[in-house]
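Heads up, the next two complexes both have subunit A, just with different partners, subunit B and then subunit C.
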Partner chain A sequence: MVESLFSGEFLALAGAAVAALAGIGSAIGVGVAGEAAAGVVSEDPNKFGQVLLLQALPGTQGIYGLLMAFLIMNKVGLLSGSMASLTMIQGASLFAAAVPIGLVGIFSGIAQGKAAAAGIMLVGKKPSEMAKGMLFAAMVETYAVLALLVSFLMYNNIQI
Partner chain B sequence: MAKNKIYPFAVASVRSMENSLLTKQKLMQIAEAKDMEEAIRMLGDTAYGKTQIRDVHLYEQMIANHLEETYVAVAGLIPTETFVDIFLYKNDYHNIKVLLKEEVSKVNGRPFLVRGGTIPVDKMAKNLRERNYVELPNIDGDAVELAVATYAKTQNARYIDTILDKACFATMAKAADKLGNDYVSKYVKTLMDITNLKSLLRIKKLEREGEELEECYILGGNLSLDLLLRAFRSESFIQVLKETQYGTLCEEYMGQGFTVFEKACDDYLMSYVKEAKYKTLTPEPVMAFILAKETEAKCVRIILACKLHDIDVEIIKERVRESYV
Partner chain C sequence: MAVVEMRKLVVIGLNNIRTPFLQELMALGVVQINSQEGQIDDQEWMPDIFRTSNSADVSRLEADILRVHTALDAINRYDEGKKPLFLIRDEFENDAFDRYMDKEKTAIERNVDTAFLANKTIVESQNEINRLSGLIVGLEPWKNSDLPLQIGETETVSVLFGTTNAKTNFAELAVELQVASPSVIVEQVSADPQQMYISFICLKEERDAALDALRKFSFNMVALSDHEGTAAEAIGNIEKQIEKWETKKAQAEDELKSLSGAKKSMSHLYDSLCVRRDRAKIVGNMVSTEEVFYFDGWMLWNTRDDVEALLEEYDCYFRYEKPAEDEEPPVFLNNGNFATPFEAITSMYSLPSSKDIDPTKWLAPFYFIFFGMMLSDAAYGIIISVVCAVAIKKYKLEGSLYRMVKMFFYCGISTFFWGAMFGGWFGDFFTVAAKLFFGADFTIQPIWFNPLEEPMTLLVFSLILGAIHLFVGMGLQASILIKEGKKVDALCDIGLWYLLLIGLVLYGVGGMVTPALGTIGMVMSIVGAVGIVATGGRTKKGIVGKITGGLGSLYGITSYLSDVLSYSRLLALGLATGVIAQVINLLGSLAGGGITGAIVLTIAFLFGTVFNIAINMLGAFVHSCRLQYVEFFGKFYTGGGKPFEPFERKTKYIKIIKEEKNNG
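Coming up: the complex of A and B.
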C-alpha cells in the first residue's frame, strides 16, 4: 500500500491534481468579483459588459492549472492510454513541477478576485476609469504567470 | 459577525449608489437658489425629486421619504445582519420621546414622529400605549418606565429626553458590541463623546449647574464624567479639554458659539466616516453610506428651513456640513 503511494506513476498523477487545484483560487476570485459585479449591475444594468470583463480576470489561474495538469498527464502517457512506468524520482519531480502553479494559483486567484471586485466598484462609481481598474487587477496576474513559468521550466526538463 | 466576513454585493451596490449623493458643491448651489421654490426645483433633479410635494412647507415629508427609501434599500443589501439597525435606534427612541410627551402633555405629537426606525410608527404607538415591551424588541422598557416615573415626580419633560437618550446610546453600544466591528464601535464611542461635549457646552452657555451635566452624561465614551465635570467647573474649560483626543475640535470651535461647534462636530464625525471610502469588501462603506445620507438630509433640511425663513445665503452656506462625496 505504502509502496504504491510512492510509486512514480502515482506521484505524477498527484502532481497533475495539485496543478488543477489552482482552480480553487479562480473559483473564489471569480465568485467575489461576481458578487461585486451583481451589486453594480443591480444599480445600473448598463454596466454589465464592463464588469463582466473584470469579473473574468481571476479566471486565468484555473486555466494555467488545467494547462499544467494536461501537460503532466500527456507526458506520462495517461491521455494516450498507455501510461509509462516511472521511477519514484521522475514522479516526484513531476509533482514538484506542479506545486508552484497549484499553490500560487490558489492564493493569487483569491487576491486577484479582491482586486477585481475593487475595480468593479470603481466602474460602479466612475465608468470611465475601467481601464485603470483592469490594470490594478491584472498586476496580480504577473505572479500567476511567473509561477506557471517556473512550473513549465521544471516540467520541460524532466526526462522520461 | 466574523471579523473578516466580506460583502462584495452590498459594498458594490453602495458604491454605485454613492453617485446619487449630493456633493458639497451641489448643496452650495442649492443654497444659492433665489427662493424656496427654486431650491425645491433644484432638488427635484436629484434623488429627492421622487416625492412630488404640492406645498413647499411639506419639504420635511420629501426628506423623510427619501431617508426611508435609503434605509430600506440599504437594509435589503445585507438581509441577514443587523448593521443598519444600529443607526435606526435613534429614530425609535425619538418616537418614544414624542409619544411619551404626547401622553403627558395631551398635545398631538403625530407630526413629529419619524419613520425609518426599526419599529413601524403605528406598532410603536400601540404597544407603547399598552406598555407592551415584548412587542418592542431592542427598546429598553425599564428606561421608559423610569422616564415616566421621573416625569411624574418632577413634572419636568427634560428627564424624558435625558433618560431615553441614555437608553438609546446603551442600545446602540450593545448592538455595536454584538456586531464586533471596530469601525462601528469607534463611531458609537465618538458619537457619545461628541454628544457629551455638546451637552457640556450647552449647559455652560445656559449657565446651569454641573448636576445637569451629570444627569445627561452618556456613559460609554472615551471622555470620563470626571474630566467633563473638571472642565465644566474650571474657568477655562477649553484648556482642560485641549488635552483630550478632541483637542483641536474643542480649541478651535468651542469658543465660537453653539451653532459653529455643532457644525464642527458633524464635520468631525464625517471625517471619521470618510475612512470607509478606502475599504472595498468589508461592511464599513455600507454603514458610511447611511451616515452620509443622514448628513446629507440634515444639510438639505438646513438649507430648506433657512430658505423658508429668507435667511441670508452666506449664513446658509456657513451652516452646510461637509459631505461624504
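Coming up: the complex of A and C.
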C-alpha cells in the first residue's frame, strides 16, 4: 500500500493534481474581482466590458496550472491510454516540477484578484485609467509567469 | 514628427466679425482656445473689459439637445430594426450640411416634438398603470365583501373595514364584539398568512365600544371610502381605467415606432445643436471690450498657413509666442503610418510632457514583436488580422477605436510571422486531424524551431530581445540628457552602464567563443563598475555620501537583472498559447475518428479556439503593455502631458468631410 503511494506513476499524477490546484487561486481571485465588478456595473452598466476584462486577469493562473497538469499527463502517457512505467525518481521529479506553478498559482491568483478588484474600483471612478488598473494586476501575474517558467523548464528536462 | 510643435496664438478681432470668424475657426479645428478665467484682472483695464458669456444661449441650446436626446432614446427603445455594432457616421460635405439643416430643421423639430410628447405619454401612462395596479392589490382581499365601500356612515350606523392579527380566532372575536356592541354584524371577508380581513356594521353610538373590544386583536382600520361600489366592482372599474391607459401607451409606442425612420435626421439635428452649443460656449473663454474680442490659445504650428489666411481674411490682429519655460503646451501626437496605431499604447499610459520625447515610434516595433511572440500561432494571427481588417472596412471605425483595431491588425501579422517561425497552426491541429482521420503523420515544420522542444533557445532569445529593448530605453534617456545639456550625466548614468552590462555579457558569452573577447569583456565591466562607484554619488556631499551613493548605484545592477528576466514571459506566454491549443485538439480527438469524432473535434475546436484567442490576446495585450510601461518607460519616460483639444466640430452621428485629415 505504502509502496504504491511512492510509485513513480502515482507521484507523477499527484504532480499533475498539484499543478491543477493553481485553479484555486484563480477561482478566488476571479471571484473577488467579480464582486467588485458587480458593484461598479450596478452604478454604470456601460462599464461592463471594461470591468470584465479586469475580472478575467486573475484567471490565467488556473490556465497555467491546467497547462502544466496536461503536459505531465501527456508525458506519462495517461491521455493516450498507455501509461509509461516510471521510476520513483522520475515520478518525484515530475511532482517537484508541478509544485512551483501549483503553489505560486494559488497565492498569486488570490493576490491578483485583490489587485484586479482595486483596479475595477479605479475604473468605477476614472474609466480612462483602465490601462493602469490592468497594469497593477499584471504586475502580480509576473510571478505566476515566472513559476510557470520554472515548472516548465524542470518538466522539460526530466527524461522518461 | 512625433510630438507636433505647438505655438501660442494671441488674437484680437472686431466684435462684428466674431460669429462668422468662430464658425470658420471651428471648421478648421486646429486651435485650442484657453479659458481666460482670472487672466485679465489688471486694475487699469478692469472697467473697460468684461468676460463675454452667453450662458443664456448655452443653456437654451443645452435644453434643446436634451430634448432631442430624450426623443432619440425613446425612439431607439422601440425601434425593432437591427442596430449596428458600431455607429457609422453619415458623411456630409462642409456646406452641404448647413444647407441641409437650414432646409429640414423645422420638419425634424416637429418629429422631435412628437417623439418627446409620445415619450412623455408613455411615462405618464406607466406611472398611472402602476398606481392603479397598486390600488387593485389593496382591494383584492375585500373582493368577497358585498358591502359598498363608499358608505362609511349612514345616519344611524357605521360601516368599518379593517385587518386583525392573522392568528385571530374569528369565532372568539365575534363573541367579544357582540358583547361590547349588541347591534354588531361582523363578517370575515378573507385571510392571508399576514392578516385577517374583517368588516362590521354597528350603531354609531356603539362604535367606540366595538373598537375598544377589537383592540386586543390588533385591529387596524382600513380606509376604502375613496372607491365606488363593492370591492369587486371597484376592481372592475380600475381595470377598465388601466386598460384605457394601456391603449394610450400602446398608441404612443406605435407613434414612436413609426418615427424610427426619422431617427437619422434627428441625430443630425442633435449634432448640429451640439456644434452650435460648443460655439456659444467658447465665447465664454474670451474677453471683450465694446469693440473687440480677445482670446489666446494653442495651435498646431504646422497648420499656420491655414490659420493665418483665416485671420487675415477677417482682419484680426494676431501674434505667435513660443511656449514659456513654465508652460506646458497640450500634446498632439503625429507618427508615421505604422506607428500611429500604437499611440493608443502611449496615451493609455500618459501623454509625453514637454520634457519627454514621444516614445510611440520606439515602442511600436517592440510591441509588434512582443505581442506576436506571446500569441505565436500563425492561424490565430490570420484570424485576428482578417477580423480587424473587416471591422475597419465595414464599420468605418474612427478615432481611438480605429487606432486600437488597426494596432491589433498589425499585431495579427506579427502573430502570424512568429507562429510560422515556431510551427504553431491552431497548435498542432493539422497533425491531430491528419492522424485521426487519415492515419497519416503530418506536421507543419516550424521555419525556425519548435519552442516546446527547445525552450532554452527561446528563453535566451527572449532575454536578448529584452536587453535590446532596455538598451534602447537607456539610449533614449541619454539622448534626453544630452539635449538638456547634461552630457556628464548621460556619460555617467548611461554610458558606464552600457560599458558594464555589455562587458558582463561579453565576459560570460564571448569568453566561450574566444578567450580574448572574455578578457575585453572583463576589462570593460571592471572599468564600468569602477566608474559607476566613482561617479554614482557625485551629487552627494561629503566622502561618506559619495561612497555610499556610488555603491548604491552599483547595487542598481539587480534591477537590470530583474528587468531582463521579466522578458522570460515572452517564452512562457508563447508556450501557454501553444499548449492550450494542443489541449483543445487533444480533447477534441478523444472521441476517435469517423463522423462522431469529426463532429466532436469541430465543436471542441471552434469553442476552444475562440476561448484561447480571447484569453491569450488579453494576456499578450496586457503583458506587452507591461513590458513597455514598466521595463521600457521606467528607463526614460515620465509622461503627464495634456491632450490637445482643439476648438472643432465634435459630432457624434455625422462626419464632415473637410475635417477628415485632422481626425487621424
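We adopt the following convention: the second predicted complex is superposed on the first by the 160 of 160 C-alpha atoms of A that agree within 3 Å, B and C clash if a C-alpha of one lies under 4 Å from a C-alpha of the other, contacts with A are read in each partner's own complex, and residues count from 1 in each chain.
Rule of thumb we're sticking to: contacts are C-beta pairs under 8 Å (C-beta built on N, C-alpha and C of every residue); 3 or more make two chains touch, one makes a residue touch a chain.
Computed from a predicted model, the values in this text were never measured in an experiment.
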| item | value |
| --- | --- |
| Subunit C versus subunit B on the shared subunit A, clash or fit after superposition | fit |
| Subunit B versus subunit C as contact partner of A:L153, first or second or both or neither | second |
| Touching partner for A:A37 - first (subunit B), second (subunit C), both, neither | first |
| Partner touching more residues of subunit A, whether subunit B or subunit C | C |
| Partner chain(s) touched by A:M121 [first = subunit B, second = subunit C, both, neither] | first |
| Vertex subunit A; arms to subunit B and subunit C (CA centroids, nearest 10 degrees) | 50 |
| First, second, both or neither for A:V145, with subunit B first and subunit C second | second |
| Touching partner for A:G59 - first (subunit B), second (subunit C), both, neither | second |
| First (subunit B), second (subunit C), both or neither touched by A:F136 | neither |
| Smallest distance from any CA atom of subunit C to any CA atom of subunit B, in Å, after fitting | 13 |
| Interface residues of subunit A shared between complexes with subunit B and subunit C | none |
| Subunit B-touching residues of subunit A, taken from the complex the two chains share | 32-33, 35-40, 42-44, 114, 117-118, 120-121, 124-125 |
| Touching residues (chain side subunit B, partner subunit A) in the complex | 6, 8-19, 77, 280-281 |
| Subunit C-touching residues of subunit A, taken from the complex the two chains share | 53, 56-57, 59-60, 63-64, 66-67, 70-71, 74, 79, 130-132, 134-135, 137-139, 141-142, 145-146, 148-149, 152-153, 156 |
| Parts of subunit C lying in touch with subunit A, wherever the complex brings them together | 348-349, 455-456, 459, 565-566, 568-569, 571-573, 575-576, 579-580, 582-583, 586, 590, 615, 618-619, 622-623, 625-626, 629-630 |
